[in-house]
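Got some structures for you, see below.
After this come two complexes, each holding chain A, first together with chain B and then together with chain C.
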Partner chain A sequence: MSTLAIDKAGPSRKVKYGSMSRDRAWALRWSYFFLVLFAIFFLTPPIYMLVTSLKSSAEISAATNPWWVFHPTLSNYVELLTSNQFLRFFWNSSIVSLAVVLVTMLISVPAAFALARMKFWGSTTLATGVFLTYLIPDSLLFIPLFKMLALVQDYTGITLLNRWYVLLFIYPTLTVPFCTWIMIGYFASIPKELDEAALIDGASWLQTLTRIFIPVALPGLIAATIFAFTVSWAQFLYPLVFTTSVDQLVLPVGITTTLIKGDVFNWGQIMTGALLGAAPPLIIYAFLMDYYIAGLTAGATKG
Partner chain B sequence: MADVALRKVVKRYDDVEAVRGIDLDIADHEFIVLVGPSGCGKSTTLRMIAGLEDISDGDIMIGGDIVNDVPPKDRDIAMVFQNYALYPHMTVAENMSFGLRLKHYPKAEIKARVTEAARLLDITDLIDRKPKQLSGGQRQRVAMGRAIVRNPKVFLFDEPLSNLDAKLRVQMRIEIKKVHQKVRTTTVYVTHDQVEAMTLADRVVVMNKGRIEQIGTPNELYHKPATRFVAGFIGSPAMNFIPCRLEDVGGTLQLRLTDRIAFPLPPARAARYNALPRTEKLLLGIRPEHLTESHAHLAPGVETFDTVLDVTEPMGMETLVYFGLDGAPVCGRVDPNAGAKDGAPMRLAMDLNNMHLLNEETGVVL
Partner chain C sequence: MADVVVEQGQAVRAARARKQASLRNVLGRKSTVAFFLTLPLILLIALLVLYPAVYSVHLATLNKSMQKFVGFGNFLFLFKRDTFWMVVKQSCIFAVTAVFFKALIGFIVAHFVHNIPAKGQRKWRGMLLVPWVIPPAMSTLAWLWLFDPSYSAFNYTLSFFGIGPINWLGDNVWARFSVILVNIWYGAPFFMIMYLAALKSVPDQLYEAAAIDGANWWQKIWYVTLPMMRNIIAITALFSLIVTFANFDIVRILTSGGPLDQTHIFATWAFKVGIEGSDIPLGASVSLFMVPILAIAAIFILRDVSKRGNEA
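== the complex of A and B ==
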């Protein structure tokens, strides 16, 4: 009986091992299939944009294969890059996004540090509250925000509406809660002993933040920076509502309001503008990804 | 360097008392080990000395000054953590010099101190590496180096060897002892490992349930434990506790273990225990090394009895034998050549000159 059982166990284990590697092979095939599917799905729009941006207006409206350029031209690019208007939008967008990233980080990082480390009365509730504010959609927020700014103007005479810098006050309502939330997570993952060691070494809270927490949580800081920049760069609703004069517009609103005249769509330039507009986030991602070194905390403690 | 004193120190978390009024005097240059099971309040006590925990009541003094409300950085202490707590983005040298740089020491002095500490700990070659490039033992050395360069009044160690493997732990234990012999800084060391406590300490503080059970040199604790807890905690394998009672037989005081087994007490012991009421429920405390194989020539006070062994554990230099006396599990240490076998009968000798007698209810050693 016992020998029989051993004989049975031998081959059945072998079969199981074989089937496991076969499972893995199939899992790989499926993952390739879906990855290719997703790549096609997500790359189609930018490719269509690129193809269209290289066409003249005549070719765009002609009934030819929309996926092929028969007479490539850079005229759309030349026209946009030499128009003061487009460069103005680009400039406004850059200033607004960079300033918002700065403002967001200056608020989020100390806030997250306080909420993650300085246990005080109500800190947990406050941390949840910060995240909850992020869940309120901007399409609900813009009306009360507009009212508030109008009130400020009525009472103080300070004009914020229809000025590009109004966005520096508005965008952080979107970026600060989320970035604070991300940073709370990163700071909370830093071992408690690390700030206790710094405390004993003689560091103040501020020194602990700047000399220990920020360097150690750099990957999180970069993730938060990328998020804040992307949100500011791509934001459409707020600038549409709060800015109207052409010289105050940012890129997404500028392109759609100036290149669509009534029912006339200047498709070539719209596509070119959108493509050029997508370039800065792309470059920032490519550049910062190299510095996005996860596992920077390795070696701090036993692990 | 300085002495440390705790006066009726209490730590309360909401309604739980983690530390229940501790009094402790630590002399200058002394190496004190706080030892006890997890949750006994030893780490909390250390963290209160460090200033990482507020104290709920009482006073803590370092160098004669009350430091209850002094922040950690102004207490002039250095701490070594269980998980090292090295700054991951700094090199070994930067880790060690961080405290000095914050205090704006001159660069030349920082370099001199770091070099000296690195030499002392034998990590000179590692000085430019990051913590993640170091092994566990090396990281622990760097953590000690960070404490040494500050030249503090007191070193605090919080279970520094718990994360190392057994072999490295023994090695680092000797290393810590050597460093203390050279540096002579007052040291408070927390561990749950009684071997570490015994080998490192000038004096050991045994803690249990937020109170100090006993303070003494390793030898005092081993040979003269004050309570059942200390007697059972110090020593491995642990001391045996066998229910017993005293009885007078023909004018001599006898210790009755079971219906079958009763020993006359040696005169010194008989004089000591004579005043005890005969009805009191007692425990005989006897260490395994005082339960050995029987010889032809037994010293006075050594009594023999026959038993049947349950299990034997050959350890090489000795064999541990396990058996029961009226249900109480007992462990003895016999010579490997004494012929102890699982399930076999054996004649054992109990050295009553080294016995302890405990009150079963209070656990106090009588």
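== the complex of A and C ==
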């Protein structure tokens, strides 16, 4: 009786398996097909940047096939990388971004440590407040900030508007809340026994932070650093509003305002500039992809 | 005699030690340390986020030269202007459509990436996230060039199918479409990454159980995947709604609000009125109109975040 039942079940199961694996194969083929379509959609602009950056302006205005380079040339790159103005933008951007990363880390790591480990009066409210601050967009604050900077200049005589260093004060408002938030998540996931053991051994709070928390939460720290750098590098609205002189501009604003001269668009150079401007975040992403993605998802999944 | 002296000395020393210790205690007390560790953060938020936010409300009640208090005058002036209502409408269309399609494309692509063998997933994921990594100001320039009126690469390609030429940024319907398309292109990879992370956390047993019950692929998505991912979908969509609603870079570079102010959204119009038109109070009032929608989204996000905090 029972052997009969097994015999019957045998072939039928086999057939089902066959159809399932055939379904699976088709599902896989379709997946690849659509992935290729989406990849084309997602990668067209950057590839088109690269294609155009290799063309001379004569070839661009000849209106040949836009997707292909017939006479590749590096003249756009040479021209931009030897132009003092462009190098100035690059330099401003680098200094601002690196300094902002430093400031952000100095502010957010100690604060995150205090908020994650030391329960004090108002600590949960402050943590929520930090998260809320992250949700306040730059486009809400640029007008009052502009007026505030003008007022500071009127009252104290310190010139802040139209100076690149003003961005060092303003950018942390974008980076610090998020970095603090994800560092709280990383610090909170460290087992309590670890810092209790350190305290018993006589370590001060600061020693606990520098000797235990920072080394253990290093992946989180790297993710936060990458986030702070890419945000400061990409920021467009604040520098557009606060800086106007050509020698004070950062890269995104510099490219959009100086390479577009009146109605004459030198597209070869604009695309080269855009590609060079996109290069630092892309290079960081290529090498530290896992940290980058960890930082992205941490904001929503760690909280 | 000698004993007493020794005792006295010890007592004095002990008292001094106690005094030093109490000073050290205050400095080393947990709340004091915590206060100093969070002080820079509090100062930054108070001076450069909260103060400007309150200050913009004050600015919005002044007249153009910022010398006279006009109360709600700026708001009433805005209500009477057609451009303002157009901006409201366009901001809502822009944000809702863009977020919906970002979420949809992100969900679909995440499924496809999740479907292929684990070995290739890293490569695909890396490639598909590129739009999110490039600074939006830079990639929008590439789109601007793709849409260029005389050398548009899109029109060149479409001409082979007998379509076009389309005036991508000059025609108001197409300009609105283009602005939204670029935003979807930029934001969909973020959704893809979030959904992919969420998909990985759905236990396989649930799908096996569903398969045994005879569920087809659609039922698996509807009854297993979606309920398991509800939280992350909600949070990502709300977060993206805030960012998209407050978007500036893409519209500014692509159309600067044109043609005829048809593609302006709050941020770009506030910039045009407040900074370029140097009517700071009016610009401040325009950007304040973003607050209600941001606040509603923020409340929902906060509810979700604290809910999950309690679960953990």
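To be clear about the criterion, the second predicted complex is superposed on the first by the 247 of 303 C-alpha atoms of A that agree within 3 Å, B and C clash if a C-alpha of one lies under 4 Å from a C-alpha of the other, contacts with A are read in each partner's own complex, and residues count from 1 in each chain.
The definition used in the following text is that contacts are C-beta pairs under 8 Å (C-beta built on N, C-alpha and C of every residue); 3 or more make two chains touch, one makes a residue touch a chain.
As the structure is a computational prediction, the values presented were derived from the model and not from experiment.
In the superposed model, A:Tyr48 lies in contact with chain C only, and not with chain B. By the document's definition of touching, of the two partners only chain C reaches A:Ala274; chain B does not.
Of the two partner chains placed by the overlay, neither chain B nor chain C lies in contact with A:Ile226.
In the superposition on chain A, A:Ala63 makes contact with chain C only, while chain B stays out of contact range. Of the two partner chains, chain B is the only one that A:Gln207 touches; chain C does not reach it.
More residues of chain A lie in contact with C than with the other chain of the pair chain B and chain C.
In the overlay built on the shared chain, the residue A:Leu140 is in contact with chain C alone; chain B does not reach it.
Contacts of A:Thr128 after superposition on the shared chain: chain C is touched, whereas chain B is not. Of the two partner chains placed around the shared chain by superposition, chain B is the only one that A:Val216 touches, whereas chain C remains out of contact. In the superposed model, A:Glu196 makes contact with chain B only, not with chain C. The interface of chain A with chain B overlaps its interface with chain C at residues 296-297, 300-301. Within the complex formed with chain A, the residues of chain B that make contact are 50-52, 71-73, 77-79, 81-89, 98-99, 102-103, 130-134, 136, 139, 146, 150, 163. In the complex of the two chains, the chain A residues touching chain C come out as 27-28, 31-32, 34-35, 38-39, 41-46, 48-49, 52, 60, 63, 65-67, 106-108, 110-111, 113-115, 118, 120-121, 123, 126, 128-133, 135-148, 169-170, 172-173, 176-177, 180, 204-206, 230, 233-234, 236-237, 240-241, 252-253, 255-256, 265, 267, 270-271, 274-275, 277-278, 281-282, 285-286, 289, 292-293, 296-297, 300-301, 303. Put simply, chain A touches chain B in their complex at residues 191, 193-194, 196-203, 207, 211-212, 215-216, 218, 296-302. Within the complex, the chain C residues that touch chain A are 28, 30-31, 33-35, 37-38, 40-42, 44-45, 48-49, 51-53, 55-56, 59, 105, 108-109, 112-113, 115-117, 122, 124-139, 141-143, 145-146, 148, 150-151, 153, 156-157, 185, 188-190, 193-194, 197-198, 232, 235-236, 239, 242-243, 245-249, 252-253, 266-267, 270-271, 274-275, 280, 283-284, 287-288, 290-291, 294, 297-298, 301-302, 305-306, 308-309.
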